[in-house]
């Protein structure tokens, strides 16, 4: 039976009978650990509804549900969690792009109704909404990259003296790294006026399938070369990656695809119209992005398209408004070549009103698309703005592109803070560098740097190139020589410090601090404060007949004007923006196509 | 998550082959009678259980409900992972015995079936058997996400997603798995429900017996099991 | 003085193949199911016994009650989405799944893990082993009818769960060891609180030694019972404490050190008898060792550094084609993950090699014939099997 | 002793008191057991609630007459055992139906319940019941052997089979208790006591880990309630016999309560800390330790 | 390991050796030689421990890969033998007489992949599944989600919205 010890020793267990039980007196509702992963919380102000949480949830526990009063830049959705699915793994918290989703350390939820176990954190009120403790991501987001790869570009010294393209584009490795950061939420697609399938072509980059990428690009945009370089990339402003890191370089990725597909290959991929000619004829006025996009779409639908362009070369503002160092002309030519390959006829050097009239177009064509762009510079109308030596930026840019002689003085002032101001300032700087070996450009902008209109990169690069940018300065007078040989010519620019730009109602009424006055001694002042359309070509009769909307031709949602034969779009209708113009082109083309098909049907 | 294969079609043609001893047949009893037997009929309860009415006297029923609420005997059947959190309840840290909650090893003596998480089809069969063996009134608590809507096994081919399709459930406790504290909170809530006289799942099961059986049969193909439940 | 050995010469008859001839119609035998709804079974599985009196002549293990098709589910989840479900493969010691999976993915994807993360992983694994052994200690005593040990052990295990909760943010399924590292470093004051738990555990383990291992009845019930011939170890794939109880001093931690085990000093406990007693005492000594290891880790580990590397974007993470096998010494034996990738964003195949797979199936079925009904539960618990890792 | 009808009322009162005492005491014992484990355990009135709950259950499935009679027999065993031994020595009200040969009857009743249970449980048709029953009968037979020998020794010692007289013989001083006058007999009988209290290490009959609680595995609702009543009554009744035979009986309820509790605790003290024997191990244990002591006891008388 | 593979190469057709780690090697073997190879490895080279036996479904190639993972505990070397078998009428050779525990693995493979192992004990009995009538579930062409949706009921009332479409509608309501 073993030793006596074996019999007696077990009784030592009885010493516990006099100890206080170790039971927790009141266990219900006991607080969980600080890091405990309990029910979700969501800071709905931070959340952008990108749906990354839904994507990563391996339990399909998360639904994206529309909520009231979404803010700008979010999808208007918020995650709803189904606790009949959730496993509290917190991958949704880890992946959350804004850090808005967290978990409280509350864990008790009992209900006899099985349908009750779902709610939208932050929207549906829950007892644990205000809990401080719980799980939140430690440190930076680890599940997807935070920063862009550095892109190779010309050093300021190397680029300032010429119009060579500055950025080199991504290498394959860089592009894959950058493409890998995308979480495919699609907020960019929604934001992009042309609704380009951005996540899809980014996915094509990851796969290394540039043919597919090109195909995706051409589905929504025939100007990939252009947009890959100079697009205003509204998509990047809503990118989910920007909240805890840098937004995905969508524009550069687009360019990366097109850089990797030769022109011939591109023509093969895009091909030619696959439909029978409809016999319908369309005239497009203006070979800018809107017009050419419309022409491209219509040609692919089987219509015969003729584009009339006043300048010598097609491209419109893309060619004559954007300096070559940003958009090399051969890139633009490659885009246009694809469009031409669709059978689009482009008649350059044909100005409406002088070479051919709209009435003729009305008579000869089944439909006419008006996309004349904004080719006239606006003036500040401050005293002296009509003096010699005061130039319009848009005009100067056109002349530089066209190879015409432009005056290049040693000191230039640019009024304006938009991208056009930067373009002309940097163009002038290059010309000055070529001519004098040094740069003397001053940009005065109404906005301060926090609210600057031009892209950040533009500003930084301008600084790098030695351009002086003065923010929050309002032009008061263009000082001219009162006497001497150059009497009446520009002598300088007088500016005041801006204290505010808009009044409380949001109207444009700049206020100045008159004590902070500066006079910039320059020989030339360039006004870059906006452009307007040259509507004189419409003719009085048509101008009368059309409906107008704040000085722009009024169009309906499809781009149709009040005249049944006439469609309008592009900058002239919607303001300056390439991608917007492309989107307009598509819209118009679709509308024209519907009308023409109906017409063709009727003619049969 | 991989996309759903839209072309996949479940094989609905193949019947599960009934074992020889499961098939209905005629047998001769030792005293010479020839009788029809249908073994399968005995293996799952085909005869609808009786609906038991409440006691006529409200006071008596109230007292009974109080007693039922304060003497919850749980069947010690760990159907899924949640069972591991039942153990702390039985032991010093949380000591559910204080609240009149005890564990019984046999379904005949248990009133509360805790479905501790997911139920595979194979376990579902046993859980149903256990449930049917429990005396009325009996309660079912679904524990964890899996019982509510499939939980993390929402795409598994072998686990049920909605427990209330197959058994009447009185209460759900969310969690994966719920902590002992949450379980206790759940049991307290269940007590309230019982005391209010609303925990009539067994009668619900009896009343909708055909519906429950049809649901059960739609997922359980093989009804063979030993003729006692362990 | 008394001999109660059953007279085997009568029945059951032994057939030509050396097995019992069982004809249920004779009425000599009774089919007896242990489980799945049965308090003596370790989790949700069942053993189909054929008994003759109190003696079991045949036993078959039936599993599948917990089958969720993990290996299938993993094939349709991305590499990061697999991470939350792997731990569910084994309930009482989930961390091994997390570690093995993470290590396999890291190996195939070529990811380096920060040094501190390796230490924390080791800590987590040892804490999990602690919990698992606590369950086993309580289980073996409970299976033999001594409930009080189980009460104490579960209490101590619960204290450790508090530490787990504090460190990982969850009690049972910690979901803490991500591919690339671990989720977080040690919280403030963790070492002191852990030391408290370890001291409590040691106090209770002293009691266990007095109450369970110095116990006439326990010795009577376990010594010489459930003997596994060490010759069978190789052919039946017996690993871990079950093998160490039979004199095989094999331990993956020692033989092919993973994580930081090469920086810890320890001796693997070995017993010779290969019966239930030896298996229990080996676990007890291993539990003591685990406490020591936790102390060593906390003393030696670096603190406050990086614990997680940046992963590629996990929403479309692809791993090149390859295959690997990662193993570790769990509380039950060699635990391994066999991961095959095919260059896509999903694993081609994940195979979990749980030690219970061999222990509870072929081995248990081999051991059961000839035992007493009363010993089946003890035998099963002494093999320390967890059903979910068998059927997954 | 003459029979009067009032005795029935007295006996009912005894029964009532003992049942209530048993309810509270078993709950208290469980609380004590829980304390060793480090917890508080059930509320002291939990047994009453459980009983009410079980009576309140609505389904009552029977497997046949014997199934129904099983608990009845078992309770009869308990009640009978109690009623034929004097509960309080010297009290007219609580000395029950004690008569000259009541010791033999008491021994019979000790067995009676077990046998009835065996029949009832057998009819429930559950293999675990069947195994439990066969284990139970085997073990009880072995375990009661020392008791039988002890009783034989005691009747030799006191030259009577009347419990009341045995108790009377032990009055006066604590050293008149059989415990001190004949310790070997007491030890032999305590072997039997511990062996039949269904606690470790001799609870292989119930053994939740092997054959979920054995014989009563199919019992539920009111049947279970009957058995529960018996489960609080029978051990107390049994303890009363031991108290009367070996520990000097009780002369008032307070003494009764303390002594019954103390004797009961003997089995608890052992039960909490030991694992259980297999059935053949426990039989061997009784034959090896209990039987020789019992024989020795007879020889020494 | 290289030594061992080189040593065995003259006598066995071993292909495509992958030295994954210092202690882990994979190599292709042929079905005819498997048995002899396993026996030699077990008896002469110390690979006495069968770690696992499982299958990988290469459905595109119409093959099952059987992986026999064996381990030499003394030398701490693991060797994975890859055996490719035809996916249609998949059949393997039982090795339960070499390692009894292999019978369990083979039962699982029979059930979950539909690979036959003639001669393996109880190989045709149900192992994990019960009442299963569909194709073996671990095969790649078995879609667990589709099966689940066609078999079980999910809680209704859930719908999700695509952030892309919703935001598009929000920003450009007219299209």
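Order as written gives the chain letters A, B, C, D and E; numbering starts at 1 within each chain.
In this section, a contact is a pair of C-beta atoms (placed from the backbone, for glycine too) under 8 Å apart; a residue touches a chain by one contact, two chains touch by 3 or more.
Only a predicted model underlies this, so the values are computations on that prediction, with no experimental measurement involved.
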Contact distance in steps, from chain A to chain D: 1
Touching both chain A and chain B (chains): C, D, E
Distance-to-centre winner among chains (Cα means, whole assembly as reference): C
Chain centre separation (chain D, chain E; CA means) in Å: 60
Geometric centre distance via CA averages, chain D-chain C, whole Å: 42
Rounded Å distance between chain B and chain E, as computed from the means of their C-alpha atoms: 35
Distance from the mean Cα position of chain E to that of chain A, given in whole angstrom: 49
Shared-contact residues (touching 2 or more other chains) in chain C: 31, 34, 38-39, 64, 67, 69, 72-73, 75-78, 81, 84-85, 148, 151-152, 155, 173, 211-212, 215-216, 220
Chain E residues counted as touching two or more neighbouring chains: 129-130, 137, 142, 144-145, 155
Per-residue overlap in chain B, given as positions that touch at least 2 other chains: 1, 91-93, 95, 98, 105, 122, 148-150, 152, 154-159, 162, 176, 179, 228, 230
Interchain contacts (touch definition) - all pairs: A-B, A-C, A-D, A-E, B-C, B-D, B-E, C-D, C-E
Chain C - residues contacting chain A, complex: 77-78, 80-85, 148, 155, 162, 165-170, 173, 175, 180, 183-185, 187, 207, 210-212, 214-216, 219-220, 308-316
Chain E residues touching chain B - in the complex, by the definition given at the top: 129-135, 137, 141-155
List of chain A residues in touch with chain D within their complex: 1, 10-11, 13-14, 16-17, 19, 21-23
Contacting residues of chain D [partner chain B, same complex]: 34, 37-43, 46, 49-50, 52-54, 56-61, 125-128, 208, 212-213, 216-221, 224
Chain A residues touching chain C - in the complex, by the definition given at the top: 1-2, 5-7, 9-10, 12-13, 16, 22, 32-37, 52, 55-56, 58-59, 87-91, 95, 135, 138-140, 142-146, 180-184, 203, 206
